[in-house]
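In the two assemblies presented below, chain A is common to both, partnered first by chain B and then by chain C.
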Partner chain A sequence: MRPIFDPFVLPFVLGMTFVLLYCIIGMTRIIFQLPKEDRRKFVRSLITPKTLWKDIKELFNDCLFHVKIWKRKPLLGYMHSSIAFGWFMIIILGHMESVAFSPFKDMQLPLMEKMASNLYLPIFFRFFAIEDASLKAQIYCFLMDFFLLMIISGIVIAVVKKKKPKNVGLKRVTKFGIREDLVRISLWTIFPLRFLAEASIAGITGGSFLTEFIGNKLIFGGSYNETLSLILWWLYSIDLAIFMFVLPFTRYMHIPAEALLILLRNAGLKTTEPRKGYAVAEIYSCPSCGLCIDVCPMSEVKDNYKNTAVYFIRNIRKRKRRRDVKNMTEKCLMCGKCIEVCPLGIESLDIKMAQRAKTYYKIKSDFSYLESCKDTESQSRQDEKSLKTVYFAGCMSHLTPKITRSMKSIFEAAKENYEFIDADGSICCGRPMMLTGKVKEAKTLIAKNTELIKKSGANRLVLSCPICYKVFKEEYQLDGIEILHHTQYINELIETERLNIDRSDKRYAYHDPCELGRAFGVYDEPRNIIDNIGLLTQGKSDKDMSVCCGGSIGSLTITLEERDEITKNSLKDITVNKPDEIVTACPLCLKTFARLSPINVKDIAEIVNENINVS
Partner chain B sequence: MMDDIDLELFNKLEALNPDIKTCMACGLCTATCTTGKFTDMSFRKVILMLQRGKDKEAIEKVKSCMMCGKCMMVCSRGINTRNILLSITRIYNER
Partner chain C sequence: MNEHKILIIGGGPAGMETAYQLKKLGLKPVIIERSDKLGGHLAQWDRLFPASDDAEALLEKMREQCIDIEKRLNTRITNITKENNIFHVSLSNGNSYDADAIVLCTGFDLFKAERKQEYGYGIYNNVITNAELEHYFKTHNDERINEPKKIGFVHCVGSRDVKVNNTYCSKVCCATALKQACEIKEEFPDSDVYCFYMDLRMFGKGYEDLYLKAQKDFDIKCVRGRVCEVSENIEGKLVIKAEDTLLGTPMKMTLDLLVLMCGMEKASGIERIQNMLNIKSNADGFIETRDTFYGLNHTKEEGVFVAGACTSPKTLPDTIAEARAAAVEVFNYLKDNGQQTFSLRF
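On to the complex of A and B.
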C-alpha cells in the first residue's frame, strides 16, 4: 500500500496555485482595460458558433501543434511542439489515468481531502499508485513514457539550439538575462527529473519501456532506494515550483497569454493603446523566440539588431524603459516582416503606431491653406458625366515622372475615360503624417482628398504609390469607389485584352514593395504582368519575405548610411539570379534602388509602356 | 542685429540632428516640396531663418508641412529633413 500524501507535493501545489491566480487576475485586468465596445465584441465572439469554432481550431493549431513554426522551420517546429504538445498530453493522460486508476477511489476520504488530492495526483501519479496488470493500465504507462521521451528529444534540440543556433537554421537568437536563464534551466530539467523520479520507483509501482526498462534497470540496477527516490521526487516538485513562480515574469508567460490573444484577435480587436488591453495581451504573448531578428532589415547594421521587434516588446514590457521604447519606435522601418514570421502573429507595428500617436509635439500642424485649394477642373467635368476612372499619382510618383508618363500613355492605349486628378501636384495622402503619430492632422488631409475624389464622380481610383494605397484602403471612406493599385489595374487591362503587350526575352526581377505585398498580398498581379512581358527571375527572398528597399518613410530617425546598407542587402537578394532589369511597383523603392543599383531599375508601368503593342 | 539673437534652441536642434550642419542650401528640397505648391514652405528657408533667429516665420512654414518625405529623398547631402522638421515641432514653441 502506498501513502496517500507526501509533503514533497507542496511546492508544486503552491506554484500551481500562484500561477493560476496570477493568470486569472491578469486576464481580468486586460479585459477591463479594453474599450467598452471591444469588450462587447469579445463577449459576442465567445457566443457566436463561427468564431468559437475558429477559436478552438487556432488554439489547437497554434498553442499545441505550432503549425506556423512547422511551416517556416520544421526542426524548430518539432522542438517546440514536442515539448508543448508532449507536456499537454502528459497532463491530459495523467488526469485520465488518475481518474481511471485512482488509488483513493475506494477510500472513505472527506471531500476536501479528495479535492486536494486531485491537484497533485495526476502529476505525481507514479509515486502514489501501483500499476494495474490490465492492458489498459499498460497502454497508459506506455503512452506516458512515449510522450516523456518525445519531450526529452525536444529538449535535446533546444540545448543544441542554445549552444549553436546555426545548427537549427538561425543566425542570431535572442540574448537573455539571469531570470530568463533560471526559468529556462528549470524547464529543461523538469522532464529529466521526472524521468529519474519515476524510474527510481518503477521497480515497485511500475512503468513502461522508458521508466522501467531503460531507467530502472539500467540506471538504478533494478533496486529501490527509498531516500534517493524521495530526494528525486522532491527535486522534481521543487523544479516545477521554481518554473511556476518565475513564469509570470518571464517569456514563458506566452503559454497562457497566447490563448487569450487568440480569443481577442478572433473577436476582431486591434491595439488602441500601447500599454493597455489588447497590446498587453500581445506583449505578454511574445515568446522572445527571436525569429524576427534575422529577418529584420535593420539587423544588416550590426548594432541595430537591438531595435528588432523582440527587444522592442521586451522593453515595452518593462515600465521604466520609456526612452528606449521611444527611440526604437521611431527607428522602425515599418516593413512588417517581423509580423510575417512571428509564430504568434503579434502585430508589433500597431503597438508602435499607438506609441507614436502618444508623442507630444509643441507646434501643431495647420492645414487651413487647403481650404482655399479649389478643384479647378470640376467645372469642365460637369459636362461629361461618363467619367469612370480617376488617377491619383501621389507625392512620390511626382518625384518619378517616368511613372506618371507611363501611366498616362497606358490609359490612352486602353482608351480609358480617365482624369489625372493631381496632375499639377497632390495633397499628401496622409500616410506619412500618420507614421509620425499625428493622426488628427492626417485626418484633415484625408478629408480633403476624399472630398476631391468624391467630387469627380468616378467609381474607380487608380494609385501608383503603395504608401497611398495602404492609407486609402484603411482610412479613407470612399463608398462605392473601387481602389486599385496600378499593378492591379494594368493586370486587369491585360486579362481583358484592352491592352496588348509584346513579349521580349528580357529577364526581370520583381521587388515586392512592403506596403503592397505584405500589407495587402498583391503578389500575383505584378508577376502576371511580367510573365506577359518577359521572363521573371526569382530573388533570394520573394513575396512575403521580400526585403525592404531601405527608403521607407516608416522610419523617422534612421540615417542615410544605415539606409544604404539595407538597400545594398536588398539589391543583393533581388539580383541573385542575374536579371537584366529590376522591376518594382513603388516610386519610393524605385528611387531608393536607382541610387545604388548596378543594373536598371524600372517601375512596372514603365516596362508595360515600353512593350505596348500599338497595332 | 545678428549678434544678439538667441540661438539656444537652434543649438539644441543641431545637437539632436548633427546632419543639419551639412546643409548647403541647394534648394532641392524646396523644388520638390508637396506643400510648396500651396504655401511658401521651403525647408531650406526654414533652416536659414532659424539660424538667423527668425523663429516665428520659420514656425509658420513648418506648420504647413505634410511630412511626405520627398525632401529627404532628394537631399543631395542625405540629410534626414523629415526628422529635423519633427524635432523643430518638439523643441520650438509656438509664440
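On to the complex of A and C.
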C-alpha cells in the first residue's frame, strides 16, 4: 500500500494555484479593459456555434499542433508540437488514468482532502498508485511513456536550437535575460526529472518501455532506493513549482495567453489601445521566438534588429514608457512581414499604430482647402447617367504620370465609361495621417473623398496606389461601390477579353507591394497579367515573403541610408533570375526602386499599355 | 619609334584649351574625341551667361586655336597600359600612341530629365530641357514652343536632390535659367516667366547683375520653392503644383511651357577609361582629384591629369582656367621627370 500524501507535492500545488489565480485575474482584467462593444462581441462569439467551432479548431491547430510553424520550419514545428501536444496528452491521460485507477477511490476521505488530492494525483500518479495488471492499465502506462519520450525528443531539438540556431534554419534568435534563462532551464528539466523520478520507482509501482525497461533497469539497475527516489520526486515537484511561479513573468506566458487571444480574435476584436485589453492579450501571447527578426527588412542594417516586433512587444510588456518605445514605434516600415511569419499572428502593427496615436506630433493640419474642392465634373455628368467606373489615382500616382497616362489609355482601349475623379489633383486618401496616428485628421479627408466618390454615382472605384487601396478597403464606408486596385481591374479586362494584349518574350520580375500583397493577398492578378504579356521570372522571396522596397511611408524616422540598404537587398532578391525589367504595382515602390535599380522599373499598367493590341 | 605625345581625352572646351596651351609650351598634344567635331556641350549652346555672349564666336576662336593640333575625331580609346611612366594607348581606329602624360577632359553628361518622372519630361509635350531651349534659340525650330504665354523654369533638376542620388550643386543652372528666362521673354514679350528655385546661387562675376536685370528689366518672377508635380489638362496645358516657401503657401499654375534646368552628371562611359588608368571616382561619380586645393589638376595616378567638368560641375571660365593650369602642371611634370618628350624638345 502506497501513502496517500507526501510533502513533496506541496511546491507543485502552490505553484499551480499561483499560476491559475494569476491567469484568471489577468484574463478578467483583459476582458474588463475591452471597450463595451468589444466585450459584447466576445460574449456573443462564445455562444455562436460557428465561431465556437472555429475557436476549438484553432485552439487545437495553433496551441497544440502549431500548424503554422510546421508549414514554415518543420523541425521547429516538431519541436513545438512535441512539447505542447505531448504535455497536453500527458495531462489529459494522467487525469483519465488517475480517475480510472485512483488509489483513493474506495477510501472514505473528507471532501477537502479528496479535492486536494485530485490536484496532485494525476501529476505524481506513479508515486501514489501501483500499476494494475490489466491491459487497460498497461495501455495507459505505454501511452504515458510514449508521450514522455515525445516531449524529451522535442527538448533535445530545443537544446540544439539554443546552441546552434543555424541547425534549425534560423540566422538570429532573440536575446534573453536571466529570468528567461531560469524558466527555460526549469522547463527543459521538468521532463527528464519526471522520467528519472518515475524510473526510480518503476520497480515497485510499474511503468512501461521507457520508465520501467529503459529507466529502471538501465539507470537504477532494477533496484529501489527510497531516499534517492524521494529526492527525485522532490526535485521534479520543485522544478514544476519554479516553472509555474516564474511563468507569468516570462515568455512562457504565451501558453495560456494564446488561448485567450484566439478566442478574442475570432470574436473579431482589434487593438484600439496599445497597452490595454486586446493588445495585452497579444503582448502576452508573444513567445519571443524571434522568427520576425530574420525577415524584418530593417535587420539588413546592423543594430536595427533591436527594433523588430519581438523587441517592441517585449518593451511594451515591460511597461516601458512611451518615450522609450518611441523609436521602435516610429521606425517600423509597417510592411507586415513580421505578422506573416508570426506563428501566433500577433498584429504588432496595430499596437504600433495605437501607440503612435498616443504620441503628440507637431503637425499642424490645415483642411480649409477641402471646402474649395468642388466636384468639377458633376455638371457634365448629369447628361450621362450610366457612369460605372471612377478612377482615383492618388497623390503618389500623380508623381508618376506614366501610370496615370497608361491607365487612361487602358480605360480608353477597354471602352470604359469612366471618370478620372482626381485628375485635377487629389485629396489625400488619409493613409499617411493614419500612419502617424492622426485618426481624426484622416477621417476628415476620408469623409471628403467619400462624399466626392459617392456623388459620382459610380459603382466601381479603380485605384492605382496600394497605399490608397489599404485605407479605402479598411476605413472608407463606400457601400455598394466595389474597390479595385488596377491590377485587379486590368486582370478582369483581360479575362473578359475587353482588352487584348500582345505577347512578347520579355522577362519580367514582379515585386509585390506590401499593401497589396501581404495586406490583401492580391498575388495572382498581377502575375496573371504578366503571364499574358511575357515571361514572369521568380524572385528569391515572392508573394507573402516579398521584401519591402524600402520606400514605405510607414516609417517616420528611418534614414535614407537605411532605406537604401533595404532597397538594394530587395532588388537583389527580385533580380535573382535575371529579368529584363522589374514590374511593380505601386508608384512608391516604383520610385524607390528606380533610384537604385540597374534595370528598368515599370508599373504593371505601363507594360500593359505598351502591349495593348489595337487591331 | 613612336614619337611621344601628350594625350588629351575629350575635345570640349577643357580639352581644346589644354591642347592649345600645351602646344604653346612647345609640347605635342593629341586630342582624342569620340564625336565628329570639337566643342563638346559648348557646340550645343546659343548664348552664354552672364552677358548672353555668342557661344559660336567663343567656340570658333577655340577651334581656330586648335587647327594645327593633331586630333583624332570619331575615335575611342580601346586600351591603355602603363610601362615605365609611359602610357601605351590603343585607339578604335587601329592606331596607337605612346604618351608621356594623359589629360582627362571628359566633361559631363546632362542629367536625363526622364528620371524625374514627376516633371513629366517625355510624357507631356510641353516639358522641355535647358539644352532643348538653347537649341531652339539657335535654330528657332521647335514646334513645342509656339507663342507661349506662361513659361516656368524649374531649377535644380537632378542637382541637390537625394532622390536621384545627386547631392551636389551643378553650379551653372541658376545663371543659365535667368539668362534663358530673359532671352525667352525677349522673344515673347507678352509672356509671364517664372523661375522656381531652391536658392539662387549667383556667385560669379556679373551673375548678381543678371539676377537684378532679370527682375527689373524683364519682369521675371522668381519663386522660392520646388515644383512638386506636373500634370496636363484637357487643353494640353501644363498644370503645376509648387510651394512658395517664402510666403508659405501652396500654388497651382497653368503653364504653356516648362523648362527643366538639367544639371551635370558624370560622363557616361568614363568608368571604362578610369578602370584602364586605375583612377577612382568620388561618391558623386565625378573623377577623384589628388586633393581639394593643390592637386586639382592631378589624379592619384602619376602622369594622369584632369581639367574641366570631369571632376565636378564647372562654369566655362572655371573650365578654361583649369585647362590652362593643367597645361602648366603637365609641363612641370615632364620637366621634373626628365621625360623623353621633354629632352627631345629642349
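Simple rule for what comes next: the second predicted complex is superposed on the first by the 610 of 615 C-alpha atoms of A that agree within 3 Å, B and C clash if a C-alpha of one lies under 4 Å from a C-alpha of the other, contacts with A are read in each partner's own complex, and residues count from 1 in each chain.
Throughout what follows, a residue touches a chain if its C-beta (ideal position, glycine included) is under 8 Å from a C-beta of that chain, and two chains touch if they have at least 3 such contacts.
Everything numeric here is computed off the predicted structure, so don't read it as measured data.
Undergrad: Based on the shared chain A superposition, would you classify chain B and chain C as clashing or fitting together?
TA: Taken together on chain A, chain C would clash with chain B, as the superposition shows.
Undergrad: Does the superposition put A:G521 against chain B (first), chain C (second), both, or neither?
TA: neither
Undergrad: Kindly classify A:G268 by the partners it touches after superposition: chain B alone (first), chain C alone (second), both, or neither?
TA: Touch partners of A:G268: none, neither chain B nor chain C.
Undergrad: According to the stated criteria, A:G551 is in contact with first (chain B), second (chain C), both, or neither; which is it?
TA: Touch partner of A:G551: chain B, not chain C.
Undergrad: Looking at A:G425 after the superposition, I want to know if it touches chain B, chain C, both of them or none. Which is it: first, second, both, neither?
TA: both
Undergrad: Could you look at A:P74 and tell me whether it touches chain B, chain C, both or neither (first, second, both, neither)?
TA: neither
Undergrad: Could you say whether A:L560 touches chain B, chain C, both of them, or neither, answering first, second, both or neither?
TA: both
Undergrad: Please tell me which partner, chain B or chain C, touches more residues of chain A.
TA: When the residues of chain A touched by each partner are counted, B comes out ahead.
Undergrad: Output check: A:I363 vs chain B and chain C. Expected answer is one of first, second, both, neither. What do you get?
TA: first
Undergrad: Looking at A:L445, would you say it contacts chain B, chain C, both, or neither? Reply first, second, both or neither.
TA: In the superposed model, A:L445 contacts chain B only, not chain C.
Undergrad: Which partner chains sit in contact with A:A594 here, chain B, chain C, both or neither? Use first/second/both/neither.
TA: Only chain C is touched by A:A594; chain B is not.
Undergrad: Taking the two structures together, which residues of chain A meet both chain B and chain C?
TA: The overlap between the chain B and chain C interfaces on chain A comprises residues 398-399, 424-425, 560, 591.
Undergrad: Can you tell me which positions in chain C touch chain A when the two form their complex?
TA: Those in contact with chain A are residues 115, 117-118, 120, 123-124, 162-165, 228-233, 239, 241, 252.
Undergrad: Which bits of chain A are touching chain B when the two form their complex?
TA: Within the complex, chain A contacts chain B at residues 359-367, 369-370, 373, 395-396, 398-399, 424-428, 432-433, 435-436, 438, 445, 551, 553, 556-560, 588, 591-592.
Undergrad: For the complex, give me every residue of chain B touching chain A.
TA: Result: residues 19, 32, 34, 37-39, 59, 62-70, 72-74, 78, 80, 82-83, 86, 88-94 of chain B touch chain A.
Undergrad: Considering only the defined contacts, which chain A positions touch chain C in the complex?
TA: Going through chain A, the ones touching chain C are 398-402, 404-405, 423-425, 560, 591, 594-596.
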